[in-house]
Every structure is written in C-alpha cells, then in structure tokens.
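In the part that follows, the structures are each spelled out as structure tokens.
You will see two complexes here that share subunit A, one where it goes with subunit B and one where it goes with subunit C.
Coming up: the complex of A and B.
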C-alpha cells in the first residue's frame, strides 16, 4: 500500500512541542540566559560571553566536587548492583513469603528523601542515635559530623539502604521471567550453581540490570537531599557533592552566572555519561547477537 | 543404559491429596526395558510430562520408587541419574556459541577437550549445524535452537536414558521427519532406552517399538502400534489412535450377539454377563456399507481424502464412520453398515473385555 504524504500532519505534534517547551526548554533557557550574562545588581545585566564557563572550568572547587561525585557514584554502584542481584537471587520465587519480601523491599523506596536523611541523621548521632551510640560504646570512634571517613560511610550506607531495593526488585523481575525449563535443562546438563548464574540468570537479567545501573547512576549523580540533611556537605567539604555545591553557589552566595554555567555543564555531563553507557551496552548486545 | 522400573509410583501436586482426582499421575507399576524406544502418547494434561520429570528426577513422586537397573534412585538428584532430557521449548545458553552449547554437558562432567571437540563435531553433523558452530546461540531461529537442545541431549553417549518431551513441536514439518529419522538411527546405533512424549499419534507410531497410551493420569495401554490399532484396551485408545478414531456404540451383549437399537451384530467371541456401561467398538477400517444387511444408517457425507474415502453416517444419534477404498462404489441404496465380526471389540465401563473363543 502507498503511504499517504501529508505534511500537515506535522501540526499534530504541536501540542507536545508546546508542552515540552513550557516544561523543559523555556526554564532551561533562563539558565542559559544567566550563564552568559553578568550583573552588578539593580536587575541590570550585561553580556559576559563564555566567561563563566571558562571560570568554572578553571575552578578547583568544581573539579573537587565532580571528583567526589564520581567516587560516590562509583562506590554505590559497586555495592548496590552486586548486592541487589544477591538479594534477588535469594528471595523466594513464589508464595506468601515472596509477597512479604516484595513489600519489605519496596518500603525504603517509598520514604521521602529528606525523611531518609533525618532517619539516618538521628540514627547515627553519638548521643541519642542507636547506631552512633552503639558504635561509640563498642569503642569505635564514629562521628559523622567531624570525621571524614565516618561521614562518607554514613552517606554511602544510607544510600545503599535506600536504593539497593530498586536494583533487587528489577533483578528479581528479570529472574522471574526465566522459564523453569532453563533450570531443569541446567540440572540435566549438570551445570554448577555458578554456571547457572553465569550462563542463564545473568544473561536473562542483562536488560533490567542495564536499566538499574542507568537509573542508579543518574540518581546518585544528582543526590542532594540525604547528604544535605545528614552532613550538610561536611565535615569541611568532604561530602559536598555537585548538587550541594551548586545550591551553595546559587542560593548561598547568589552567584547566578557561575551557578548557571555550572548547571549546564552538570546537565551535559549526566547526559554524556548516560549516553555513552547506553550506547556501549546496546552495542555489546548487538555484537553478541551476531 | 538402564532398565527403568517404576514401582507403585504416583504423584500429586497437592501436599495432601484426598481423592484419586487429586493425583496427576495415578498409581503405576511399569518396567521400561533397557534399550527399547517407547512413545508416551496422550492428550495434553494427562500426566505425560509429570511422569517424565519424575523419571529424570526433576520432580519427586508423592509415593513409590524408581529403580535404574536394580538401584533405587527415588531420592537421587537429577545429575546423579545421568539422564538426558529434551524439553518442548528450546533451551539454549544465549551467550554461548553453538559449539559451547553442545559441549556444555560434556565439559560439566569433566571430559577432556579432544573428546569433546570430536563429539561436538559429530552431533553438529547429525543436526545439520556444522556451519553455525561458531555463532552465538542468541540470534538463531526457534527451530535451530531446538536442534541445539536436541544435540545437547544426544551428546553424551553413556546416559542411562534419553527422554524427549514433545521435542519437535516448534520444528517445521520437513525437519521434523528428518530429525525423527536421526533419533531412530541413533537408537539403533547406541541402543539407549528412549522415552518420547508426544500427543501426535503419527510421531508415536513411527518412532517407537512400544507405545504407552496415557489418559487422565493413568496408563491405559502399552503395546505395539498394531496392538493399539486392533485391540484398543480402552475406548480412549480407540478414539485417540486412528483417523478417524474407533466407532463406539452403546450395546447389549449376550453370548456372541450384540444388540444395538434392535439390530443384531455378530461378535467374533462369546461374552458372559457384563455390568455397567456396555459398548462395542469397531474401527472404521473394519466397517463397510452394504445394501441389504447390517445396521440401518443415514449416510451424511462422503469425504475423499486421497487414498481412501471416509463415509460419515449416523445411527440413532451415534456417529459411525466407515473407511472405504478409493475405488469403492457407493450406491444410493446402500444404507446399511456391516462390521467384520473378528474386529468388533466389547467394552464395559470403557475397558475392553476379553471374550472367550466362540
């Protein structure tokens, strides 16, 4: 059948275009607007070109925050993905306990970020917190407001507590889609537990794991509320991740130009890493199919 | 290679089966002789796969024992039983090449690489996939994947038994015939005990030395294709095997005469008093149309199916099918049907009654 050519059909896209413009493009443009201008107050702006961008690129503060951010995302991915898979593998496959597990796993995901932060902030306090006080009594020097290592450990454990469930639930969904015949065939073929994981479970989970890693990467890269509530970015700047730094810059110091330039670069970095990651994974997939 | 004995075996998927209806597999005693090829035939849901999974150890029976030769393996794990099983839908290891897929069962058992390579080559030739050996299994078509599954099942020479669970369902008809031939020649060559589950009677009758017919969780008959055809032990066997199946007509039987709706049918044997639901069963092959004797019927239509004709008739609300040669003439006055007395079987409550020689 011949396709009908009708260029007027483009008008059907208009509503979406308008919606996206209002929801995303126009707000983003205001940021772009600030990023290329400077002001001395009184709402008078003048053209600054790419000065803020070059300033930011030379700023040690920005690079330090980016470095911390990378380390943080790297660590939580390295913990949450294997741990999530491990949890999913050990969850019951069906019946009453499967439902119980699912509900328990989903609970942390339902708690608002700042509540999670508050929970851990109190939990870790040496004077009244269950965790902090216990560790203190055991003779372990733990104080997340003063000790660099304790602060990082608290923020990481908190994120693992909050988000491992997501990886586990996605991995569990992937595992549930494997027909019984695969496990039966593996038994007939006398495959070891490791080989069952390596050749049956892992390949079947690949798709959902990719989504899980992507989601966890983006989310952790943008983390703000929880570390802000727990450590406020301290001690010193040790847990000041990109978002926290950005807010300090934009709202604390009211440096709109640098903050706008920072935002745009921040956005581009996330976009770039996600895109690279996605492309690599899908290409890997295609090559294997050949 | 082993003789497989099922002793008092039964299985229910319920933890506490109450009545016989709760059993997917009803009590069963049977010996699968070493080196024979069996087909397990029955409609969907009759317990065929349950039985197969019990033999391979994927399922633990609710009661009874399984013996390989004289060794009790009821509680042995699948791996210990050294059995090959091929499932209805293809199972391949996606990320492995075809070669590694075929080698997998051998490598897991620690065979040396030279032997593995040789064996894989042999099997690849058998299933016609030598050219694809180095491809990843992921991108292959369903029937190529199923051929790999079959190949993995056949790659070990020393298995106790080869079990096939409707393995050719997803394979196209031409390849089906070829693979079935391969399986048969494999059987002749190595003499494995083979059990082949299917619901396709042609497949069962061409593949096996002996056909085991199951119905509603019970084995209703075990026999050669000819026995199943001539003396079906249960009306289900008569109806399930043959195309069209056996004609089953309610009757009253006395001595060597059956009375159906006032007409008399001569039987080849004599029968005593029969209780319950009494029926006679005649294969369409042993019925013919006649002008002057036999049961009065209404001829409804004649189907020409090539080598023969199927005549569909009605007798007081019961369908009677007749198979006539392709050159048989069917006259307008031929509205009676005659049965060959030697091939009229008598059934009481669906089970065949062995008569006495008249």
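Coming up: the complex of A and C.
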C-alpha cells in the first residue's frame, strides 16, 4: 500500500514514544551510568571508565554463562524447529479436529512461566511426579536437583514442551497459505512426498520459519523464570543461563558496575538479532505486498 | 468442471497410510503436551496425604479442599486480584496508546518512521533481566514501588511495542480508500477513527488485547521485583511457597491450575490468531 508522507503523523506516535521512553530509555540510562562508575557505598560514585567492561570480558563467569546459554539455545533450536515443522505437516487441514489441535497446542504457550516451571518441577520429582516416578521404576537414576545431565534434560524437555507448539503454529500458518494448485501440479508431475516438501512446502514456509527461529532464539536467549523455578540454576552453576546470572549479580549481590556492563553487552547482542529479525520481517512484508 | 477439480482436497503422495500416521503423530504430540498439565490437575484434586503416600494416576477420593484454601485465604486470592489489576491496567494503557501509533505507521510515512518501528521491536526483545534493577531503583525513587501501576507501566516496555506491531499488521489489511471516502464525507479524524475504523479492526484489537493480557500475566521477573506486599502477584505468591519448608503440594498445584484458567477460557476465540499474535502481527 502506498503511504502518504505526513509529518503530522508524529503526533499520533507521540504517546507511544513518551511511554516507551519512560519505561525503556530512562532505565537504560541508569544502566549506562552504573556501567562506567564505581562506588564504595553511601551513594558516592566515581568514574571508572571502561574498567567494568574489560573486567567482564575477562571474567570466566560471564563466558561460562554465555557458553551454557549458546549450547542451550542451540539444542532448543535443533529440536524445536524440525519437530515443529513435523507436527505442522501432520496437523489436520481444516474442520473440527484442526480447531481441537490449535486449541490444545496453544495451551502451554499461555501458561505463566513460573507455573511451567512448577509443573515440571512436580512432574519430574521421583516421589510424586509421573515422569520422575516412571523413570525411577524403569531403573534410571534420575534426579534433576543433583545430577548435571538430568537437570539439563529436564530444562530442555520443558522448553520443548513449552514452545514447540509456537514453531508448529507458525509453520502451520505458512502451510495454510499454499494454494491447492501447487499440490495438484506436483501430483501431475508425480513428485514424491519428500520432493513436495523440499520444493513446495519448505520454500513457502521460509519466511515464517525465519520468524519462528528468531523468536525462539531470542526468547530462549533471555530465559529466566522456568529454569530458575525448576533447578534454581543448579546443580552448581550448570543451568545458570545469562539472565539468571545477571539477576544474581544485580539483585542478589548488588554488584552494580559489573552487572550494568554485563547488561549493556547482553543488550547489544539482542539489538543485533532484533535487526536481523526486522530485516526478515520487512522483506516478508514486501514479498506479500506484491 | 474445472471448479470441481480444483475443489478436490489435495491429496499428498501417501494418501492412504498418510492419514493414519498423521493422526498417530498428532495424538502422541498432544499426549506429550497434556500429560504434565493433567498431572497438575490430578495433584490439585488430591489431599497431601494421598500425594505423598500413595502414587495414584487419578485422585482416589476427589477433594476440592485445595481450591477452597486458595479462594478463602486472602494471602492467596489477593495474589490473583493483584495480578488481574495490573494486567488489566497494562492492557488498557497499551492498547490506548498503541491504536493511534499503529494507525500512523500503517497509513503515513514520516521522518524516522522505520527507525522508530525498529526501536519499538528492540524493546519487545529486551531481556527483562536487564531492566529488573533499574526499574527497581527508578520506581522506588519515585515512590511507586509495590503499587499496581508500577508493574503495569513496567510491562508496557514489551506490551506497547507488541500492541503497535500487531495492530499495524491488522490495519494494513483495511483498504485506504475507506479513510479517504470518510474524509470526503466530512468525517473528522476522531469521529472516523471511533465510528468507522475501530469496528473494522475490532478483531485486531481483540487479538492485541489478548496478547497484552497474556504476556503481562505470564511475566514473573519484573512483577516480582517491583512488588513486596500490597501488589504481590500470584506468580510471586507461588514461588514463595515453593521456597518455604513443608510444602503444601496440593495447594501449589491448585494455584497453578487457577493461573491457567484465564488463558484457557479465551483460547478458543483467538485460536486462528495465535501464530499471528506471537509473530507480532506478521504471518
């Protein structure tokens, strides 16, 4: 759609600008402020330059948290994206069962994140949880509060349970937009199921899948509540992801300088990914516009 | 003739076994999704003695005592009321400021519009953990700590951009000729917007409101950081029970089930928009 140039449109945007500036820019300024200052208490601050940044860049703790975070996000994407596509391909196309599937699949997406944690905390317990109890009966030694592997497995399965439906619903929306004529053409050409997927469905889903991947990456990159409730970042630090580490540093230990430097670097990564996301979105919009 | 062929459902290579496999796959996936939720509901209907002593797949003697505890104890049910207050406040604020902005983004181009739109997105993507400490200090210093409005404003950080993006997605679908015709007919902007435009994008407003409600409802980190007693949300009430010794599993499970209810109630009405809402109105 052609848009008219109208500078007065700024007045319509002004409330949003004021509100978001109030709730984003002012707090961010505080963070920037802390990141370049040091204090010995009593609200006396002095200039520390980029010291906190270089400290953080040399800190093993941050790199370890970043490493765990990348491994976590990587595993999540590797499982959720193929599984989501697979589920979407198997969903009913229309009618009563399509609605049933949509409603039931959306259910985990709408559960408060701490309740997601609570559900899995209970579900995985050996004494009262179905999963933990069953594994225990099968003779598998499973204890997510003590065992490194069990903790990771629980956090990953929980995230797969929580968010795979999002990928599936997006992929499903992409599939729905493919005209029947494409499938008929493929049938006339006697294309195999795999070829239909590879040359018709996958290219048509490309746009929505990019969005799904970016959304999943972003949200898993900032995950806090669910692993915090289930494992509390443990055993040891084995499930302490970036956000958990940051909150520990900022609100637990009140190390304002390092936490602020950490925040800013964290935010820069997010900014970069947001930019990729935006580019994908606008390209998608343009393509649909044609 | 041609129509009849086109209207035939598209069959995919493996039509005969295909139907069966897909039903099996979907059943397995849905069981995987529903089993943990079932377990929570199951536990919420048991007594603590049964939970801890007997391992049963369904409640032997169903009790609603856990729900009764929550609905009669003010320290529990106030959590729900507090959550509802700030969530509703946040939804109203977000939608009312987002409506004109989304209209501007969908209809006009103006200096810096693309940058502004991108900047809004970065706020939706911002990790709440980064904002927890500055919010805490900011709202404490202006005396809003532990109030509903503080949480509502804090959640605007991600809900306003979300609402703007979703509404813009819907508004682009409305032909611009409608606006132009209305202006020629002598409608003022305000009257046009309320009388003609708003009814046209009613479903968009519904979807945006639903997602603002949902994202504010599921968030824990900011709402917990910004409250202590008077505005303590249900999510925080629940985590504090977890950390206390001598857990009351039944009540915890019942509280969890009650937090799922608002989403489950309206989910049917937004079922076709869930993907659209999560993808910020683009899909």
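The rule we apply is simple: the second predicted complex is superposed on the first by the 252 of 290 C-alpha atoms of A that agree within 3 Å, B and C clash if a C-alpha of one lies under 4 Å from a C-alpha of the other, contacts with A are read in each partner's own complex, and residues count from 1 in each chain.
Keep in mind that, in the parts below, contacts are C-beta pairs under 8 Å (C-beta built on N, C-alpha and C of every residue); 3 or more make two chains touch, one makes a residue touch a chain.
Fair warning: this is a prediction, and the values are worked out from it, not measured in the lab.
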item	value
First (subunit B), second (subunit C), both or neither touched by A:203	first
Subunit B versus subunit C as contact partner of A:118, first or second or both or neither	second
First, second, both or neither for A:184, with subunit B first and subunit C second	both
Partner chain in contact with A:161 - subunit B first, subunit C second, else both or neither	second
Touching partner for A:87 - first (subunit B), second (subunit C), both, neither	second
Which of subunit B and subunit C A:193 touches, first, second, both or neither	second
Residue contacts with subunit A in the superposition, subunit B compared against subunit C	C
Overlap of the subunit B and subunit C footprints on subunit A, listed as residue numbers	181, 184, 187, 191-192
Subunit B partner contacts - residues on subunit A that touch it in the complex	179, 181-182, 184-185, 187-192, 195, 199-200, 203-204, 288-290
Complex interface listing, subunit C residues touching subunit A	5-6, 9-14, 21-22, 25-26, 29-30, 32-37, 39-40, 43, 51-52, 55, 57, 93, 97-98, 100-101, 103-105, 107-111, 113, 116-118, 120-123, 125-138, 153-154, 156-157, 160-161, 164, 172, 176, 214, 217-221, 225, 234-235, 238-239, 242, 249, 252-253, 256, 259-260, 263-264, 267-268, 271-272, 274-276, 278-280, 282-283
Footprint of subunit C on subunit A - complex, ascending	1-10, 12-13, 15-17, 19-20, 22-24, 26-28, 30-31, 86-87, 89-93, 99, 101-115, 118-123, 127-131, 133, 161, 165-166, 169-170, 172-174, 180-181, 183-184, 187, 191-193, 196, 208, 211-212, 215, 218, 221-222, 224-225, 229, 242-244, 246-247, 250-251, 256, 259-260, 263, 266-267, 270-271, 273-275, 277-278, 281, 284-285
Partner subunit A, residues of subunit B touching it in the complex	53, 56-58, 77-79, 83-85, 87-89, 91, 93-96, 104-105, 108-109, 135-136, 138-139, 149, 152-153
